[in-house]
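Take a look at these structures.
Shared between the two complexes below is chain A, which pairs with chain B and chain C, respectively.
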Partner chain A sequence: MSDVMAPLATVTALPAQGMITIRGNLKDAGFIAAVKSASGLDVPAQRQIVTQKELALAWMSPDELLLLCGYEDAPALTNAMTEAFGDQFAMAVVVSDARAVFDLEGPKVRDVLGKLAPVDMAPGSFGHGEIRRTRLAQVAAAFWLTCDDSARLVCFRSVAQYAEDLLKTSAKPGTEVGYF
Partner chain B sequence: MSTRLATGGRLIDRNSRVEFTFNGKRFTGHSGDTLASALLANDQMLMGRSFKYHRPRSVIASGPEEANALVALGHDAKMEPNARATTTELFEGLSAKSQNHWPSLDYDIGALNTAIARFLPAGFYYKTFIHPRPFWKHVFEPFIRQSAGLGPAPKQKDPDRYEHFYAFADLVIIGGGVAGLHAARVAGEAGLRVIVMEQTSAWGGRSLVDGGTIEGVSVEAWVNATVEALESMENVTLRLRCMGAGVYDHGYMLGYERLTDHAPVDDMPRHRLWRVRAGQVLSATGAVERPLSFAGNDVPGVMLASALRDYVVNFGVSAGDRTVVVTNNDDAYRTAIALHEAGLSVPAVIDARSETDGELPNKVRDLGIRVETGKAIAKVKGGKRVKSVGLCLQAGEGAVLEEIPCEAVAMSGGWSPIVHFWSHTGGKLTWDADAAMFRPDHARAPTGEEGQQNQGIAGAANGEMTLGAALSDAHAQAREAVKRAKAKLPGTASPKGEAPAEAPLAPVWIMPQGANAKLRAKMWLDFQNDVKVSDVQLAAREGYESVEHTKRYTTLGMATDQGKLSNINGLAILSDAIGADIPKVGTTTFRPPYTPISMGSIAGEARGEIFQPLRRTPMHEWHEDNKAYWEPVGQWRRPYCYPRSGETHTEAVNREVINTRENLGLLDASTLGKLLVKGPDAGKFLDLMYTNMMSNLKVGRCRYGLMCSENGFLSDDGVVARIDEDTWLCHTTSGGADRIHAHMEEWLQTEWWDMKVHVANLTEQYAQIAVVGPHARDVLEDLDGMDVSKEALGFMDWADGELAGIPVRVFRISFSGELSYEIATPAARGLELWEKLHEAGKAYGVMAYGTEALHIMRAEKGFIMIGDETDGTVIPQDLGLNWAISKKKEDFIGKRAQERTFMTNPDRWKLVGLETVVPEEVLTDGAYATADGANGNGQGNVQGRVTSTYFSPTLNRGIAMGLVHHGPERMGDVLDFPTTDGRVIKAKIVDPVFYDKDGEKQNV
Partner chain C sequence: MLILECPYCGVKADETELHGGGEAHLKRYGPGSSDADFEGYLFHRKNPKGVHFERWRHVNGCGKWFHAARCTATLEVFGTYPAQVTAPPKALINKIKKKRPDWEGWT
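This part shows the complex of A and B:
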């Protein structure tokens, strides 16, 4: 019975995470080199997220990336990135405070997200190294898997409470879908 | 009487006892029963009353096509109207009530309608109540509404929970009968990701009742083995109690899963709506049996032949000892056999065909059952129960040859494939005259976004009505689906199904074919809505030729069953009446959902706290702790005011205004939009977005700007700050942030894609606090950290720095007319800064103020507000904002529109201030100023209207802004503003700036 009564995944609000929005031409060699020199990371392919130690770089759109870092490091990293861009048409701006971050942990984490986001959560379709910028019910969100049974989710700060309530509702015990 | 048989009932557990109530009466059933089978088992034949004539009705079908046995399930907040007893699984404590009767099901006064039925023909309401016109709304409609309608809507809030689930599949199969199961096996073995949705609680569909063998074993054994094989496939998902609800564009389809209806538990989702993107959809939805149109075909005890045998075989329930079977096909003979095998009597099988020599009829004859060919039912006798049927010639006019006493009648007019899903996305049908049915036209299949076929249909749904043909068709159609999904065809063998051969049916639309008017007026087509053969014929005589018009005129097929039983019969009658072929008349449109789905499932999780997102600023909790009275602004909640104990909202607002003007006020302005615009072309871009110049703004300075739509109308406003050479920060209104961000992106992505500009929405990155009042500078100096003096930070300057150790960006701007600073800080530090400002501000009498004080103070200064002074029809010139419209610029969005003659017309209403003649009076928001004369519609002329109106605590009088014809030229004129309660408030046209015209207070 204990399994039946456990939520599909536990939902934990995380402390502030450093985040930098980067915009530029993701295919441009100069841009790729600048991103690499400032962050040490390669520009990820479409819908991918690359990780290295404390940093992660996520594809957001054909001309936008999101760099994840320590909260305190964001301003310095942004300056370094801006410097690396030089005269290029590109932008780096701190958005750490604009976001809320959640950890979802549990074997049914795919069910929890699959009830709220129009994303194919099947293991064969959504795996490690992939990020989805999508919606969670009525708000914008992005998420990726951190391991087989955990995911990290980012949404706007103002709707953090809504997102947490949504995720906890979706994760209520006994509501697994059994599709994956 | 109807009763439970001593043996039989493959779905029920005879060892179980399930207690339930119907109209307060206690009954017992078994687990596995539906409400309909349990009511029949308890001899509760009467289950409801019809819509128009309140005729006594019992169950007619055994599935979702049920039109009569609709009940209200549960009570109070959990009451669900119009639940079909045939699809409601029995559970302990179930409570159901019949509908549409008064005072009771047995004695219904509305049934008098049936006595005056000939005065209530098709279109009766349209014809009778059309004049006098106003009577419809005030007299007729409320009366009719009360006497009509099926189940009442529950009055309380639904306590149940619902959810959505987004799934993606290569193939969704709708229907878990033998065709669907075999198709799933083929697709599963081809490696496709398959979902099979079955609306009932068991696999196998009709074939389990109808019999035959598959691969030499019983249907049941084959179904069990196939389900077991499918369950072991990881790529196949089987869902019972999950109905395909609709198929839409781009392979989107909905599944309606009933999770706990059959076993209610608390805090579990009741329904789950599957929102599926399917590469392919395959309908294996079977077919639905058609009633026959003979007089009295609605009397309780007359049922579809298939339903009657379902009750016997599945539930061990008999509708009566003696059942007359009436048919135009061989399939109905199965009912005679099933009844005979259950030990019940079949006095006669009445077959409208002149001859029958098929396997099934001969078997029936061999059982010693009387078979009457070329015969028909002239009339069913009985009121609340069948008593007898009158036998007549099908070819005749209905003269009764013999009266056959019986308790039940099993009727079968043939079968109609369930082509709903095929039709939902445009698949076409073709009329099969031999089988008398519309079947899918595979040459005109439903297509997807690239013109590719994205739906198939198999088995009985595809018009293949026998077991063998249905299975081989399922095999073939599954293979087609696999090919369309571009997967490799598996080696799955086609299963061999064997069942008795069936002779062709004879189309019978009226029984007997020469029935007179009196009989035709008792032949029901649409049972729920009381539409009879005579109604459709009347509509045809009155000129209704289109099936869609006839439907709406007669309400044929408009009941909750959406014509599942009535459509084909009705259009056959219509085609006969207007002398056109059935395919010429065509069907009405099949629209989702297949059967009604709950509103809750559509809403999903969105209820209570998560009904919609509520946006909170970083200071939200502080406002809550300080008793803020909230105002919704978009999805934000902003404090309207902070009432103190004993204070009314008006008193609180007045206090906040006075205190801000005299001492120090703090406003949470975090909701303001903040868009960072950066790039080599940013200045050029902003010159196009705003009506005024932004490219020549100096770094470190701020400028107020206006944005218009392409049509010239004022869309948003705000202060723009130049951050560095190629970066500007644009403030938008609170409600406009996302919209203006999207507006900028749209122009950059679709029109000016060559401009080198990036936009980032930083609205939520910063908390923003307005520090306002004569002591604004004092409190900032006390916090320490940066120079905010007039010299260092003049009006419309901004600077980065620190206050009390918190990083800030300070804008010296004012929306109140006071000395004012707007301070942005990273959102995570917002509350800290807010609290420090309150702490330090104590010495100066600091108070937080809300949006209403903000509104009053801006109105006192004559500042416009988007959404008050603008409404989508107002251009900046109307508001006297010509100073903010650049004349030097070659172009900006809205420029050309503003040059149109209508926009430059001097007769446009223009902004003025309005001062009430009696100072204590306050104008009504939106009130019109009257003028002499009347317009073409006889309405009084108007010459202006109020856009914002307040009581100004500063000036101690009513003030307002409004748009007035030739307003600015009419200073001092007094206008009349009538109120809705009959008074007239007089107001004088004045300058809109009521307070500190020279701006001395903000410029210190």
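This part shows the complex of A and C:
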């Protein structure tokens, strides 16, 4: 073994990220059109996340989406969304300060997540463009792969320190499982 | 380990991602009902050894409630279905009857 070992992935807490929770009937044509007109993004299919420049739209549940944007842009984007919804039974709310965001980068990023969450991280079963809401040891979290060796993870801000410690422990040098 | 497929997310979620909600398809007896009915609604549960219908919540995922049919003795899962029903789907009942011919039915 070499003296200097690199962690499986570097864990970085990202600065405040704009987040908007959108709720409504994801199958409704009016809803889909309103989301498209306000954000420029298509409503993602089940468990998918779509990205375009600095915006990302994630499927959270059959009636909930999460729009990721710049922190400063969130209020304006939410107003545009609310206007686009008109009198539809749907709403958009700024929740930027509710969650913390982490970036994981390294060739063993699947190992780091696979050790903490009850998710099959094999490349054939968890791929790009998929977001998974799950459990990270004792807390709820959601993550998606941004490329082959990096992932992004969101969890509630109240458990951010716990999640960061957890990820860093899981990424300790020499602890790879080597399964993926 | 119990693995149930969430009918909303389509993920095969393991038990630790879910929260159990007890027996499914209870009939609620509220104000105006007899004491015996109310007592039954509050306290009496089936606890069978065999086919059981349960409520589960995908608590660390989409957060939705759903129903599951499983065997309490073997942990075999017969199927899961959404929560917006008052009785198990016909297809699922037929499937269970085929696998367990001496099953008495869900009511």
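By definition in this document, the second predicted complex is superposed on the first by the 176 of 180 C-alpha atoms of A that agree within 3 Å, B and C clash if a C-alpha of one lies under 4 Å from a C-alpha of the other, contacts with A are read in each partner's own complex, and residues count from 1 in each chain.
As a working rule, a residue touches a chain if its C-beta (ideal position, glycine included) is under 8 Å from a C-beta of that chain, and two chains touch if they have at least 3 such contacts.
Source: prediction; values computed, not measured.
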Contacts of A:Phe89 with chain B and chain C, given as first, second, both or neither: first
Contacts of A:Glu72 with chain B and chain C, given as first, second, both or neither: neither
Which superposed partner A:Arg135 touches (first chain B, second chain C, both, neither): second
First, second, both or neither for A:Arg157, with chain B first and chain C second: first
Touched partner set for A:Gly174, first chain B, second chain C, both or neither: first
Greater residue coverage of chain A in the superposed arrangement, chain B or chain C: B
First, second, both or neither for A:Pro118, with chain B first and chain C second: both
Contact residues of chain A, present in both the chain B and the chain C interface: 118
Contact set on chain C toward chain A in their complex: 8-11, 13-14, 16-17, 59-64
Residue ranges of chain A in contact with chain B within the complex: 16, 21, 23-24, 63, 89-91, 93-99, 111, 114-122, 125, 137-139, 156-162, 165-166, 169-170, 172, 174-175, 177-179
Residues of chain B touching chain A in the complex: 161, 163-168, 193, 195, 237, 267-269, 272, 275, 277, 604-606, 609-610, 612-618, 635-636, 676, 678-680, 756, 758, 760, 762-766, 826-828
Sites on chain A touched by chain C in the complex: 46-47, 60-62, 64, 118, 132-135, 140
